[in-house]
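Below you'll find the structure I mean.
Chain lettering (A, B, C, D, E and F) follows the sequence in which the chains are written, and residue indices restart at 1 in each chain.
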Amino acid sequence: MLQDICVADLASGVKMNGFACKAAANVTAEDFFSTSLSKPGATNNSMGSKVTGANVQNMPGLNTLGVSLSRIDYAPGGLNPPHTHPRATEIVFVMEGQLDVGFITTANVLISKTIKKGEVFVFPKGLVHFQKNNGDVPASVIAGFNSQLPGTQSIAATLFAATPPVPDHVLTKAFQVGTKQVQKIKSRLAPPPPKN
Amino acid sequence: MLQDICVADLASGVKMNGFACKAAANVTAEDFFSTSLSKPGATNNSMGSKVTGANVQNMPGLNTLGVSLSRIDYAPGGLNPPHTHPRATEIVFVMEGQLDVGFITTANVLISKTIKKGEVFVFPKGLVHFQKNNGDVPASVIAGFNSQLPGTQSIAATLFAATPPVPDHVLTKAFQVGTKQVQKIKSRLAPPPPKN
Amino acid sequence: MLQDICVADLASGVKMNGFACKAAANVTAEDFFSTSLSKPGATNNSMGSKVTGANVQNMPGLNTLGVSLSRIDYAPGGLNPPHTHPRATEIVFVMEGQLDVGFITTANVLISKTIKKGEVFVFPKGLVHFQKNNGDVPASVIAGFNSQLPGTQSIAATLFAATPPVPDHVLTKAFQVGTKQVQKIKSRLAPPPPKN
Amino acid sequence: MLQDICVADLASGVKMNGFACKAAANVTAEDFFSTSLSKPGATNNSMGSKVTGANVQNMPGLNTLGVSLSRIDYAPGGLNPPHTHPRATEIVFVMEGQLDVGFITTANVLISKTIKKGEVFVFPKGLVHFQKNNGDVPASVIAGFNSQLPGTQSIAATLFAATPPVPDHVLTKAFQVGTKQVQKIKSRLAPPPPKN
Amino acid sequence: MLQDICVADLASGVKMNGFACKAAANVTAEDFFSTSLSKPGATNNSMGSKVTGANVQNMPGLNTLGVSLSRIDYAPGGLNPPHTHPRATEIVFVMEGQLDVGFITTANVLISKTIKKGEVFVFPKGLVHFQKNNGDVPASVIAGFNSQLPGTQSIAATLFAATPPVPDHVLTKAFQVGTKQVQKIKSRLAPPPPKN
Amino acid sequence: MLQDICVADLASGVKMNGFACKAAANVTAEDFFSTSLSKPGATNNSMGSKVTGANVQNMPGLNTLGVSLSRIDYAPGGLNPPHTHPRATEIVFVMEGQLDVGFITTANVLISKTIKKGEVFVFPKGLVHFQKNNGDVPASVIAGFNSQLPGTQSIAATLFAATPPVPDHVLTKAFQVGTKQVQKIKSRLAPPPPKN
């Protein structure tokens, strides 16, 4: 940070690390404000969970400030599947329900715990982690990040639903399964067809 | 960060920037977990608000990870008085009630807004900011920080209740008031006597 | 820093974190040079002090380099009132006279000392600090910062002279004084009317 | 970096972010030197590849310096399976043979290419990437990292061979496969039994 | 890094710290790839060595990623003369031959060693270092850097062949030699005349 | 910085990046204070200049704060010979006299200027720079740095007076002079014999 604020000019034609700033005269309190987390996300999908973000892409005042929030909603049985954030540590506060959460270190040790309403857990920067709602009622968390745009790599989708696809022979060898099995997973994780 | 995790050994005799790490063999999931935010803080004080933190001091797994959370509770009329965090930007999510919030830039411009349940606002690193509950019911927020220990300088207390005290002649000149007035504020903001 | 130098193009229409760089062909030694500190600042104001900066705004070669200097002049009795620099630590060298200086930690401890010609003192990043000339003769310091644009929040002016104003009810509660008292301070710290 | 060098004292009882430094008197040129990459790694394993590192753990002079190297050897058909480095970007130079390499962005786009002896490719920090030797002869690369200890999360092993194990119900839902399939992958990726 | 990738738009009219990014639609795998190191550099020059870089200037995908590579080729007797990289630590892997290498600390201690094919050595950020091929056969290394553009100050050329020249009286005093001697070195290190 | 202050415990047996911190109970205002710059340094040496530092080594409160100061005194004709600071940009304010100053970029361009009392000039991080007093009277500057311990490599001494010495054959080739000439410079720049 080289000045107090640098509100993202999301429409600027000049692309850079982060975003160009709006002219100071155009900055308002709305730039530092978001309503995007005010409603639960729709969890009627194959994972039974939904991540909704308040980051620099919809809250331009966050540019250069190094923080963002998400809310994550989980149906009963819902999973926020194993993923990494390449640019941030994540710390969650349970608003409702309870979750089984965990992260895996580079020494391949799983550190996991059941957390309930009002409790807090942290997932260190860059490490694979997940949350699962094994309860009977919906759950939700607020997640804080030390990045204006943490990014997410959802592991299964990254490997089995990228465009263009990761070659089958990479996945069969990595997971020690057959091509048929790889293609089955690919078909199940395929991105939904674009809407008209 | 030079390794995945470095859980604070809060009892170590060796002091350093942050904290020394516990031996890996002693690390457990409890280190990455906190219940400190699970209950509302007591707001029956002169400000009518209470900040409760989940930071490296009570959640040792946060050491080197660059994040922390607080919950802030506000009675009706309660104020989290003007303050700065020398080491962090703060982003708040309103869990309950509504708040009048604002920060002031180094160009002395106040950026303020009324925010309600489910809404998000950000206070840039190092700038003076405040939240006031002008509603009839209690309010609360979860606040995310990009520091394991953001630190807080509550402006009025910093100037009028430090130990040893800031000299009266500094304060009379800074605020352009008389010595009597400075002493009155000092007496009202004096820290409570230590408990036996 | 991703290159040797990136001299600020202060007139660029593209705003960013810091400044866009001038074309290399237009860079000269003048860009790395400033005369702005060569004369004492005028101290005939209500505080009896004047801060004059040599930072990226008037010395464009400082862009991306992470340093700046100020000189501060103090009349006898003059005060550089309590303030913070959100983006820098400050280290001062006394050129003339003597000063009572101090900073307050987030544990609300005042660390203070009288410093004389040739002596050095440091004010840690983001913490409230002040200098007062309690001597009979003028004083001056050179102050070094680890930021190209440290920014300054002069506490009394930030709270009592912002535009738009911080609401009275925030200030009465924060300082535990009456509205009349707040309005009196506001009137005394009001920015001078614009010149024609 | 706060001094020229801080050679890791790998045996120090004090753990910290990175490592404590050896006394200056004990530093020698050997600390900045390694022979660990001088011989090809053994590739007769299930992946047909072997990563050998020269990092702070076996080259203590790297402490605080922010770099390390690895060599990777690949049998014909060998795969360095999809993985991330939580703390580093990786840049490879092909010493021998040819490789099909790729990384996937957080927008789920695969960026891939075939690279040959003498060619260079980069894998951005934190993103999933892989290299596969689809040629008939062995291949090898030298890989540079901007971390003294980049860390590696090999995705399949992280999910299917952690200790304690990631629960089956997390993996079945994440990959949309049955429990039997998950258990088959787990058995194939299980770490080899410890040697006596 | 505030996003996954920011491929340098080397032709952008907007200059900044690093480079502006290309539009995402124009990014290809070629941006993360380089052939510039595939052939030995020509060593038939006065130093008998040649540094060839794969950095952001010819591999635009490196922008914001914090790494680069060079290859250095040495004729028998060839020297990569004493120099610094203001923005990077360097770690070398010997591909061929053997080298006498060293760096000097700010305490004026030379740390040096003979390194051979397959061995690794590190030169800490900003410190003067050199490599000399005292063997009978050519040598070459791959060098990794933790900067997208490390920069190089070759000491003798910096002092004796800058444009405009460093004044003779600075150099005579610094090296405690006569003007004639300074002028002799200047003439020998003069940059070659531009080619037609 | 992970806390307000971390005053260096210069006597700690535990060495780390920077220094271990004193116990908070032992911190006093003296830790943030120095008199080391209050008197001119002795310039009766071969260079006719003297650098005196107020850095973490004699002002322990600077630990983790990222700043330091030096004063430099110059006899008439005195030179602060070409040198680099591996860890800091330097910005100077002329207290007395006038100086010819310059730095050289990695593109081998000299940027130089004559600066007088009250004027300011900046030397970018890591680049070779010098100051020479070509006036008839003594000169002095205060120099600010963005490091608690910038480090200095005085180029001529680094190459011709290191311990153990840089081999003659490296220097003859680098400077394109004969062995006799190298040995003459070495003898003139040799460190003075240790005092009894």
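One rule holds in what follows: a residue touches a chain if its C-beta (ideal position, glycine included) is under 8 Å from a C-beta of that chain, and two chains touch if they have at least 3 such contacts.
Given the structure is predicted, the values throughout are model-derived calculations rather than measurements.
Undergrad: Mind listing the chains that sit against chain C and also against chain F?
TA: Where chain C and chain F share a partner, that partner set is B, E.
Undergrad: In the touch network of chains, how many steps separate chain B from chain E on the shortest route?
TA: Minimum step count, chain B to chain E: 2.
Undergrad: Could you tell me which chain lies farthest from chain C when each chain's centre is the average position of its Cα atoms?
TA: Chain D.
Undergrad: Looking at CA centres, what chain is most distant from chain B?
TA: E
Undergrad: State the superposition rotation angle between the two copies chain C and chain E, fitting on C-alpha atoms only and giving a multiple of 5 degrees from 0 to 180.
TA: 120
Undergrad: If you list every residue number at the chain A and chain C contact, are more than half found on both copies (same) or fewer than half (different)?
TA: Comparing the two copies, chain A and chain C contact each other through largely different residue numbers, since under half are shared.
Undergrad: Between chain A and chain E, what distance separates the C-alpha centroids? Give it in angstrom.
TA: 40
Undergrad: Averaged over CA atoms, how far is the centre of chain A from the centre of chain B? Could you give it in whole Å?
TA: 27
Undergrad: State, to the nearest whole Å, the distance from the C-alpha centre of chain C to the C-alpha centre of chain D.
TA: Here chain C and chain D have centroids separated by 48 Å.
Undergrad: Could you list which residues of chain B touch at least two other chains?
TA: If we look for residues of chain B contacting two or more partner chains, we find 1, 4, 14, 16, 18, 86-87, 106, 112, 124-125, 127, 151.
Undergrad: Specify the contact topology among the chains shown, as one of line, ring, star, complete or other.
TA: Looks like something else, not a line, ring, star or complete graph.
Undergrad: So, with touch as defined above, which chain pairs make the list?
TA: Final set of chain pairs in contact is A-B, A-C, A-D, A-E, B-C, B-D, B-F, C-E, C-F, D-E, D-F, E-F.
Undergrad: Under the definition above, what is the set of chain A residues touching chain B in their complex?
TA: For this pair, the touching residues of chain A are 1, 4-5, 27-30, 32-39, 54, 59, 61-62, 65-69, 71, 89-91, 93, 95, 103, 105-107, 111-113, 115, 117-122, 124-125, 127, 142, 144-146.
Undergrad: Give every residue of chain B touching chain F within the complex, in rising order.
TA: 14-18, 56, 86-87, 147-149, 151
Undergrad: Give the list of chain B residues in touch with chain C in this complex.
TA: 46-48, 79, 81-82, 84-87, 100, 102, 104, 106, 108-110, 112, 124-128, 130, 132, 134, 151-153, 155-167, 169-170, 173-177, 181, 184-185, 188-189, 191
Undergrad: Can you list the residues on chain A that touch chain C in the complex?
TA: For this pair, the touching residues of chain A are 1-4, 6, 9, 12, 14, 16, 18, 20-23, 64.
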